[in-house]
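Some structures are shown below for you to check.
There are two complexes below, and they share subunit A, which is joined by subunit B in the first and by subunit C in the second.
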Partner chain A sequence: MRKISIDKLNSLFSAIAENETLYLPVDTKAGAKFEKWHDGAVLSDALNTVRSAKDFFFPQTENLMDFKVDGKNIEIIDTREECEDFVIFGVRACDVKSFEILDRVFLAEPVDSYYKNRREHGVIMSLACTKPHETCFCGTFGIDASSPEGDIVCHMTGDALCMDAKTEKGKALLSRLDSLTEETDGKAVEEQKKVTKERLAKLPLASLSADSFGAGKTEKFFGAPEWKELSQACLGCGTCTFVCPTCQCYDIKDFNTGHGVKRFRCWDSCMYSDFTKMSAGQPRLTQLERFRQRFMHKLVYYPTNNGGLFSCVGCGRCLSKCPIQMNIVKVMKKLGGKEND
Partner chain B sequence: MQEINRAALIKRASELLSDGTADRVLGWKAGEFDYDVTPAVFHSVEELEKDFVWGDFCGANFSKYLIKETQKGDGKVIVFLKPCDTYSFNQLLTEHRFDREKVYAIGIPCDGMLDITKIKSMADGVLSVKSEGDEVEIETLYDGVIKEKRENLLPDRCVHCKSKKHVSYDELMGEDGEVLDSGRFDEVEQIEKMTPDERFAFWQGELSRCIRCNACRDVCPACTCEKCVFDNPDSGVENKAAANSFEDSMFHIIRAFHVAGRCTDCGECSRVCPQHIPLHLLNRKFIKDINSFYGEYQAGETIGSRAPTVNYSQDDIEPSEAVERGGDNA
Partner chain C sequence: MIDVKEPLIPKIGVVTDIRIDTPDVKTFRVVTPDGKKAFEHKPGQCAMLSVPGVGEAMFSITSSPTNEEYMEFSIKKCGCVTEWLHSMEVGQQITIRGPYGRPFPVDTEFVGKDMLFIAGGIGLAPLRSVINYCRHYRDRYGKIDIVYGSRSMQDLVDYKEIIDEWANDAGVTVHLTIDREQPEWTGHVGFVPNYVKELGFSPDKIAILCGPPIMIKFTLAGLTELGFEKTQVYTTLELRMKCGIGKCGRCNVGAKYVCKDGPVFRLDELDELPDEY
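What follows is the complex of A and B.
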């Protein structure tokens, strides 16, 4: 494990940015946001960014290919380019876990080459939480906020940033920074983990249980009468899906440029009235079905297809951002039976 | 602190349920915390006593919910309306969007709501928020108990509250207030003073954060089209994402045009924006212009009023007087 004094953070960031584009959370008037590092950029001390880190690998919009039309000929232009290496600093444990959830979708056959390109070139420097919020419930899904995964796992311990490389990519980056950093035994990190774990155990949502959900529970929950009450105030906006680090649905559209076509994809939301619209219409006729789809996907369908892994990481963004304050915690408490009484 | 308390509202709603005036109540439902209150329909006294709340986080404007709710069943629905909500209520009635006979509207005074974003910016982890008089006590996870003046925690729309007066109700609980002059156009004037380049940069900065979640549109009581053009694949402008930054701006500007003359300035658009875009400023600019071009007009003040933008009189301002052509504005 290596460490660097907090007052030398800028030189660390500067050294990383010499070779690779570095992104880190900075404060903006609309909350913390991942931005490209520049000299003078100040690391945000917010617990988490407003938008999740999924944007790095699965951006809101991206061009897939172009078509050039010339008379009766259509030329297909592959717009893919090899992505440059980049580093994301300050990713929290919940968001790091979300990458695994997205990987299982985008890196399974047929592999999504657009996603894979960015994923392979990104190095994740995660940052352990020390002050989890009342809206946090990552522990419900087996995530330890005091000890995130990542290529390099970082802990901010009072006066120093401690860094532990966990993967080949991480080791390569950390060894390049050797001249700036010094070896440390990790005692401070262990001490911090202990304190954070105690804090995590005392959070208001610490006892939230996902035990009654999971693989193979479709029939148990699909027809539950509670969906009606849970969904009745839903506006049908896409806020929860767009701030969610694991929502991964997208739409593919053609944009007429006047000289041809740009085919792009963009985030879609199961909350929308035209989601998965087919020639026979939208298969989910009312907001109840659309609302149910989102939570069934997180708590039942995804686990069914992925060995029991839930596709919620308990980051709490939907708790903060839903305009009508309906969210997965309320759904789990309402439907989760005795475990959540 | 709110003048009327929860118990009084439950008592009155229970009486109206018992005497058969109405068969359900549109109200606010308690969440996990003090601040995560959800609109809900209550069918019984027991349900009200269990989960109904009224307090500093009951910002949701119920007027738009009445469109769908009044279509369910034959009985009346009781709805609690804050002063600003009553303007949206009237505007929707003007547009014939719901059946007035199916609603029993109770006006309740509002001392302004609290802005949870402002509260959260003061502390890590908010466990509870309690109001006592003009002071708010915030219990936090790591910063102990913080006391703050209520006026410092109001959302922008309440700082610039346009009215404490209810313009529509079947009955009123508590005292009615007055229409206020609280400088709601001050910020618009600041933006008007900018040079065109500064103004463009300001809005580009704000609107570039848009993630097209449509929360502003979906919550807006003036946006009640059965099918929004932006959701209709046949419209030619349907888009879940902007093809470029120009489109982001156009979405919001077109929406502001569409609600001009009908927007009551309830401020729900800015309240729900996850990216904190001050969308209400676009609407206020239209309201301010309408006021200066055609005389004072407040959408929703009365039922059935015609906005100057959909009315014609020979005294109407000529376009050449309204807009200066050429120069920097070209």
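What follows is the complex of A and C.
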């Protein structure tokens, strides 16, 4: 494990940015946001960014390919380019876990080459949480906020940033920074983990359990009468799906530029009525059905297809952003039976 | 440039023939610019066709895999992409990618069985691939019955092929019906579900259904009355799709994705899905 004094953070970031594009959370008018580092940029103190980190690998919109149309003829233009190496600093444990959840979708055969390209070139420097919020419930999904995964796991311990490389990519980057950093025994990190764990245990959602959900529980929950009450006030705005680090539904749309056609992929939301609408009919006519789809997917369908892994990381973004204060925690409490009373 | 295959990037297809089947159904023949089939498929599988600038949509491949020269798609005009496809002329290029989905088990569970095909309207399109596959490998299957109904005589898709080819095959019996009487129609009149019950098929065969949901619903009830087990009945689903490879999330029903786990489902598999299709 290596460490660097906090007052030298700028030189650390500068050294990373010499070779790779570095992104880190900075404060903006709209809250904390991952931005490209520039000399003097200050790392945000916020617990987490307003939007998740999924944009790095699965951007909100991306150009998939172009077409040239000439009379009856079409030319397909492959616009893919090898992504440059980049480093994301300050990714929290929940968001790091979300990458694994996205991987299981995009890297499953047939592999999505757009996602894979970015994923291969991105180095994740995660940052352990020290002061989790009351909307945090990553522990429900077995995530330890005090000890995230990542290529390089970082802990901010008072006067120093401690960095532990966990993967080949991480080791390569950290060794490049050797001249700036010094070896540390990790005692401060262990001490911090202990304190953070105590804080995590005292969170209001610390006892929230996902045990009653999971693989193969479709029949148990699909027809539950509680969906009606839970979904009643849902506006179908889709905010929850946009801030969610694991929501990955997408749309493909063409745009005619006047000189050709660009085909785009954009985030989409199962909360929208036209998500499933066909000329032949609409299988999810009501907001109840669309609302239910989102939570059933995260708590039952995804785990069924992925060895029990839930498609929620407990980041709490939907808790703070939903305009009607409805969220996955309320759903789990209402449907989850005794454990969540 | 990335030197790996990307499933979302299509191939160019050329429309070499357009057949007008009904007032709102046309059948398009598609090959690659060098005159070959775009890819191999199995009966029941689908392909994504697109018109750049208009959109991409999933269609069942109507032609049988045994056709080595081209693929055919019977398409009903009912939206942006299909509207555009219907306005095309021969020689137009489109894009094509696939094949997608789980096919009918024509080489396993269907082998040696009597086959009962039941279709309504444009529902014949996905079944035509299986029917012609079974006709091609005639000795692998038992007796073939085809029940096909439509609103009117003019709405029967592939009418010429049905009358001139299917009905003349040994061991193949075609039962056509239309919803309402027409002066020039001498065949059966009535809805498909009732006709299936009237014909009283013995439940010792495989039944494959495709058609409007209401037809499927009542025909299934009829088949159950006739003694068919759920493991003998197959259908093919249609849901909105964007990727075709189980990632975009649109065709997700329960833990299944219709584009990759379907579109073909056996009735007992379908029963395990939530009622959202």
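Assume the second predicted complex is superposed on the first by the 341 of 341 C-alpha atoms of A that agree within 3 Å, B and C clash if a C-alpha of one lies under 4 Å from a C-alpha of the other, contacts with A are read in each partner's own complex, and residues count from 1 in each chain.
Convention: contacts are C-beta pairs under 8 Å (C-beta built on N, C-alpha and C of every residue); 3 or more make two chains touch, one makes a residue touch a chain.
Quick caveat: nothing in here was measured; it's all calculated off a predicted structure.
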| item | value |
| --- | --- |
| Simultaneous placement of subunit C and subunit B on subunit A, clash or fit | fit |
| Touching partner for A:F222 - first (subunit B), second (subunit C), both, neither | second |
| Touched partner set for A:K277, first subunit B, second subunit C, both or neither | both |
| Subunit B versus subunit C as contact partner of A:D251, first or second or both or neither | both |
| Touching partner for A:D268 - first (subunit B), second (subunit C), both, neither | both |
| Touching partner for A:S207 - first (subunit B), second (subunit C), both, neither | neither |
| Partner chain(s) touched by A:T61 [first = subunit B, second = subunit C, both, neither] | first |
| First (subunit B), second (subunit C), both or neither touched by A:N73 | second |
| Partner chain(s) touched by A:S11 [first = subunit B, second = subunit C, both, neither] | neither |
| Touched partner set for A:R51, first subunit B, second subunit C, both or neither | first |
| Once both complexes are placed on the shared chain, angle at subunit A toward subunit B and subunit C, C-alpha, multiple of 10 degrees | 90 |
| Superposed arrangement (fit on chain A Cα atoms) - minimum subunit B/subunit C Cα distance in Å | 8 |
| Footprint overlap on subunit A, comparing subunit B with subunit C | 251, 253, 268, 277 |
| Touching residues (chain side subunit A, partner subunit C) in the complex | 64-65, 67, 69, 72-74, 76, 78, 80-82, 105-106, 108, 110-114, 116-117, 218, 222, 248-254, 256, 261, 263, 265, 268, 270, 275-281, 283-284, 289, 293, 296-297, 300-301, 304-305 |
| Sites on subunit B touched by subunit A in the complex | 31-33, 35-41, 60, 65, 120, 124-127, 141-142, 209, 211-215, 217-219, 227, 231-233, 238-243, 271-272, 274-277 |
| Contact footprint of subunit A on subunit C as seen in their complex | 1-2, 4-12, 50, 52-56, 78-79, 82, 89, 91-95, 213, 238-240, 242-243, 245-250, 252-255, 272, 274, 276-277 |
| Touching residues on subunit A, where the partner in the complex is subunit B | 29-31, 47, 50-51, 60-61, 131-134, 199, 203-205, 229, 232-233, 235-239, 241-243, 251, 253, 255, 262, 264, 266-269, 272-274, 277, 319-321, 323-327, 329-330, 333 |
